[in-house]
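One chain, chain A, appears in both complexes that follow, with chain B as partner in the first and chain C in the second.
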Partner chain A sequence: MTEKKDKKEVLYSLIGIAVLLIVIIILEKTIPSTSILFSVLKKGAIYSLAAVSMNLLNGFTGLFSLGQAGFMLIGAYAYAILTMPVTIKLSDSVYKYYDCIVGFQLGLIPSMIIAGLIAALFAFLIGLPVLRLKSDYLAIATLGFAEIIRAIFQWDTIGPLTNGANVLRKYLDLTDVTLPFSNIPFPPTLFIFIVAGICIAIIKMLIDSSYGRAFKAIRDDEIAAEAMGIGLFKHKEMSFIISSFFAGISGALLSMYQYTVQASQFKTAMTYEILLIVVIGGIGSISGSCIGSFLFIACNEWWLRFLDESSNNILGLNIMRSGFRKVVFSIIIMIIVLFFSKGIMGEKEISIKRMVDRLRRKKPKPAVEEGAK
Partner chain B sequence: MLKINDLKVNYGGIEAVKGISFEVPEKSIVTLIGANGAGKSTTLRTIAGLIKPAAGTVTFQDEVITGKGPQEIVSRGITLVPEGRKIFPDLTVLENLRIGAYLRKDDLTDDLNWVYDLFPRLKERHWQHGGTLSGGEQQMLAVGRALMSRPKLIMMDEPSLGLAPLVVRGIFDIIREINKQGVTILLIEQNANMALQTADIGYVMETGKITMTGPGKELLANEDVKAAYLGKK
Partner chain C sequence: MEFLTANLPYILAGISVGGQYALIAIGYTMVYGILRLINFAHGDVFMVAGLVMVYLTTVFPMWLSIPMVLVITVLLGFAIERAAYKPLRNAPRMSIMISAIGVSYLLQNCALYFTGGLAKVYPQIPWISKTVTIGGATTKMVTLITPVIAIVLIVVLVIFIKKTKIGMAMRAVSKDFETSQLMGIKINAVISATFIIGSLLAAVGSMLYFSNYASVVPTSGAMPGLKCFVAAVFGGIGSIPGAVIGAFIIGICENLIKGVGWTTFSDAFTFALLIVILLVKPTGLFGEKATDKV
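Now for the complex of A and B:
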């Protein structure tokens, strides 16, 4: 019985995803690609992946970690350095003050995966000492490590690798994505959605597996989990590494989307943005993180833009000026936190099947017609 | 089956268990009774591998398991039902049970059916979150979860804690039933009366030492035990 239900659930989810992808294809065909809609969609999808990977740690394993921006930085740099064509590395156009020591270049997809793996490797090393800490102390330690990573990447001595504090650019970006075995450009928004979607689906499958159950058990009660024979350290480390792997991939996507990468961008503020998305979406809800991410990006970059334009001032009051949008944004966040104390989704997930069921119950007639067909 | 020899456990500077020895024969019910702070829970947690002892040995089925981690000990067939139940509140009942069998990779259907037979209430509520169950149901879930690892020895830390007398009776009926099906039981209780009635062998612990031992029924009749734990003069 439950298995049958699950199958239906999966079917509906697949249909939902297919519809979403088709909508994106149609949008990309009809609306000019310079529209802000696509910036919001792309960045929203990238932040969704970052937020879901953070949620795996904070929401599902109960590890309050604040190192996400650090791992995204590693992913972004690894991707940019690996995909930059050798001719550009050797010329003066990017590595102006250093001689680049990476004498090879890789394709887009392998670089992305290696970017994730390098972030995961760092997570493994950082996790060894840090994951023995609990709650607030873990947060402080991971925050510190993220800042240290950022500082190291800007360090002059490893300039031949990271170009010091200077910008990295001219690597493979979204315009370089092509359909397999051809030169036809791949729709960029669709590409980001597919990559982020695959990663989120993998995280979802992990959470539903027996490992995911063990993560949740550790979150609920460490002592009991240990008494059941769950190795605390091993599972925390596993969750930390996997989360960082996907954070690395989201960093790689971000560098593709931005066309340039600079370490100074990956400050603590970025981790807080992602944490905000996780909290507003609902700690322990994947769909919540995704919804939260798109709402956050859309509000921050698009819907509230008009507040910054002084030409919109009404009644002669001079309140609308650049920066005012941030004030309104903060108020919106406070209202959301007051009325949804557990986030928009709480711990629940969006279920297309449940929505369909509800629609059917409200309108019994169409359901009958459908049955007759 | 389980032999404890001169076990000493320290918490910081405090000696919680000061060298105790006792034995749990196969297929029996053994109980440790004693007041708060006597070192009962510490003893169980040490056997389960959650705490490292300062001295002494724990032998299970003729193999020394002292100082081994909880994973190793659970996979050898010793499972702890922790004090205060400690079920996972945000996991469903079924997920809680599956976690109990985390170290096993084989088919769980038989064991799930066994637990559901013992506790039909859990079957009715298998989709509910653990935190929404009543105290008695949570205790059932904690016992059921421990049984899912298919233990040879199950250790229970105060299963009657905070439960109504009628529910306590039900829990002890279940303990006897599980024992009849071949699982050895080591029980800690403050409810000395119920524990001694159920147990084959009882040990009385006081401030880290074992002060008295004997068959459960005998201890129940003992004047000192009566005075100290049963509230009779």
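Now for the complex of A and C:
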């Protein structure tokens, strides 16, 4: 019975995902690609992945880490350096003051995976000392490591690798994505949705597995989890590494989306934004993080734009000018943090099956069956 | 000795920055001692104090602006505590920290709105902005008087905490939150007093700090804020002398690193120090018995 129900759930989810992808394909065919809708969708999907990877740590394992921007930076740089064509690396157009030491280039997908792996490697090394700390000390230590990473990437001595504090550009970006075995350009928004979607699906599967249950046990009660035979350090380290792997991939996607990468962009403020997304969506909910991310990006970059237009002022008051949307937006965030601390979804997930059931006005299955699993 | 003369400007700057950090770090260490909260917004309160000074001096004379800045900063600190932390007193610690991050985001965005993203030139406070020369190093008066002001204020604060009734209440609350509540201590008054003292010192710190750096931007509070928290951890969180010594050490080391030419690493050094101290001696230099932080 349970299996049958699960199958139905999976079927509905797959249908939902297919519908979403088709909608995106249709949008990309009908609306001009310069529309702000696409930049919101792309950035929203990238931040979804970053937020879900942070949620894996903060929401599911109970490790309050603030190092996300650092791992995204590693992923973004690794991706940019690996995919930049050798001819550009050797010329002066990007590496103006240094001689690039990376004498090869890789394809798009392998680079992306390697970007994630490098971020994961850093996470492994950082995790060894840091994961012995708890709550706010862990937060401040991971934040510190993110700052150290940022400083290292801007260091002159490793300039031949990272181009110092200068911008990296002219690597493979979204316009270079093609359909397999052809030169037809791949729809960029669809590409980001597919990559972010696959990564989020993997995280979801991980959370539903026995490892995920161990993570949740650690979150709820460390001592009890340890008594049940869960290796605390091993599982924390695992969660940290996996989260950083996907943060690295989201960094790679971000670098594809922006066409340029610079270390100074990955400041603590970025981590804070991702954290606020997680909070808005609900700590411990994957679909919440995705919804939160799209809402955050859409409000921040699109829907609240009218607040910045000084022509919209009424009664001769001069309150609406550049930056006002950010003020309104941060007040909304404070209201959510203070009065709706569960966020949009709390710890629940969106279930298409439940929605369908509700539409059919079916009563939910009796509780006895739930217990019989 | 040769090292001293060669690096005198950096050491002087370090001592001065250390004094400014000390004033901010006290706000962190006191709030953490009582609420177990990293007040991420404290650095931004410090930045807002700087901006308020910029705006007030365009309207009022200097002698009036300085006390007004102190009062407004204190009110801001008090209001933040009441609005953003008090409703969450019984919530998990993570929620309060998120609220602090939210306040920090709000203050930075408000500052961005009011300044239009431009760096504001900090007004010259007469006398302390004067240039002086000692031992061949030219520096501003503020460099010399900062450590003096900082130490005087800290001594006053320590006496306040040791001798007065509210100081005693603060010590009791930081030892045991629940028990002191049962003993009839008005927790909210004590917490408000903590935030008021912290904000007051941050306002003084901001006057000294920005007199040295000459301009204020919306993000100029973030980095000093984090560094001062590190200073507080380094000295042993909850301990005021610890925070002061930590702040001076960080200020001096940071400037010496700049003197050697590793400017990119002056921020990273602070965090490296934090990680080392957390791993080697998690209670900090003057911390009390081991708590559950490791």
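What we mean here is this: the second predicted complex is superposed on the first by the 358 of 373 C-alpha atoms of A that agree within 3 Å, B and C clash if a C-alpha of one lies under 4 Å from a C-alpha of the other, contacts with A are read in each partner's own complex, and residues count from 1 in each chain.
Assume a residue touches a chain if its C-beta (ideal position, glycine included) is under 8 Å from a C-beta of that chain, and two chains touch if they have at least 3 such contacts.
Since the structure is predicted, the reported quantities are computational estimates derived from the model, not experimental observations.
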| item | value |
| --- | --- |
| Clash or fit (per the criteria above) of chain B with chain C on chain A | fit |
| Partner chain(s) touched by A:147 [first = chain B, second = chain C, both, neither] | second |
| Per-residue contact with chain A, leading partner among chain C and chain B | C |
| First, second, both or neither for A:205, with chain B first and chain C second | neither |
| Which superposed partner A:347 touches (first chain B, second chain C, both, neither) | first |
| Angle, in degrees and to the nearest 10, that opens at chain A between the C-alpha centres of chain B and chain C | 80 |
| Which of chain B and chain C A:279 touches, first, second, both or neither | second |
| Partner chain(s) touched by A:22 [first = chain B, second = chain C, both, neither] | neither |
| Touching partner for A:36 - first (chain B), second (chain C), both, neither | neither |
| Chain B versus chain C as contact partner of A:230, first or second or both or neither | first |
| Contacts of A:214 with chain B and chain C, given as first, second, both or neither | first |
| Partner chain in contact with A:334 - chain B first, chain C second, else both or neither | second |
| Shortest span in Å between Cα atoms of chain B and of chain C, once chain A is used as the common reference | 10 |
| Where chain A meets both chain C and chain B, residue numbers | none |
| Residues on chain A engaged by chain B in the complex (per definition of touch) | 210, 213-214, 216-217, 219-221, 223-231, 284, 347 |
| Interfacial residue positions of chain B with respect to chain A in the complex | 48, 50, 69-71, 73-75, 79-80, 82, 86-91, 95, 98-100, 102-103, 145, 149 |
| In the complex, chain A residues that touch chain C | 58, 64, 129-130, 132-137, 139-141, 143-145, 147-148, 150-152, 154-156, 165, 268-269, 272-273, 275-276, 279, 283, 321-324, 326-327, 329-331, 333-334, 337-338, 341 |
| Residues of chain C that touch chain A when the two form their complex | 36-38, 83-84, 87-88, 91, 93-95, 97-99, 101-106, 108-110, 112-113, 116-117, 219, 222, 226, 229-230, 233, 264-265, 267-268, 270-272, 274-275, 278-279, 282, 292-294 |
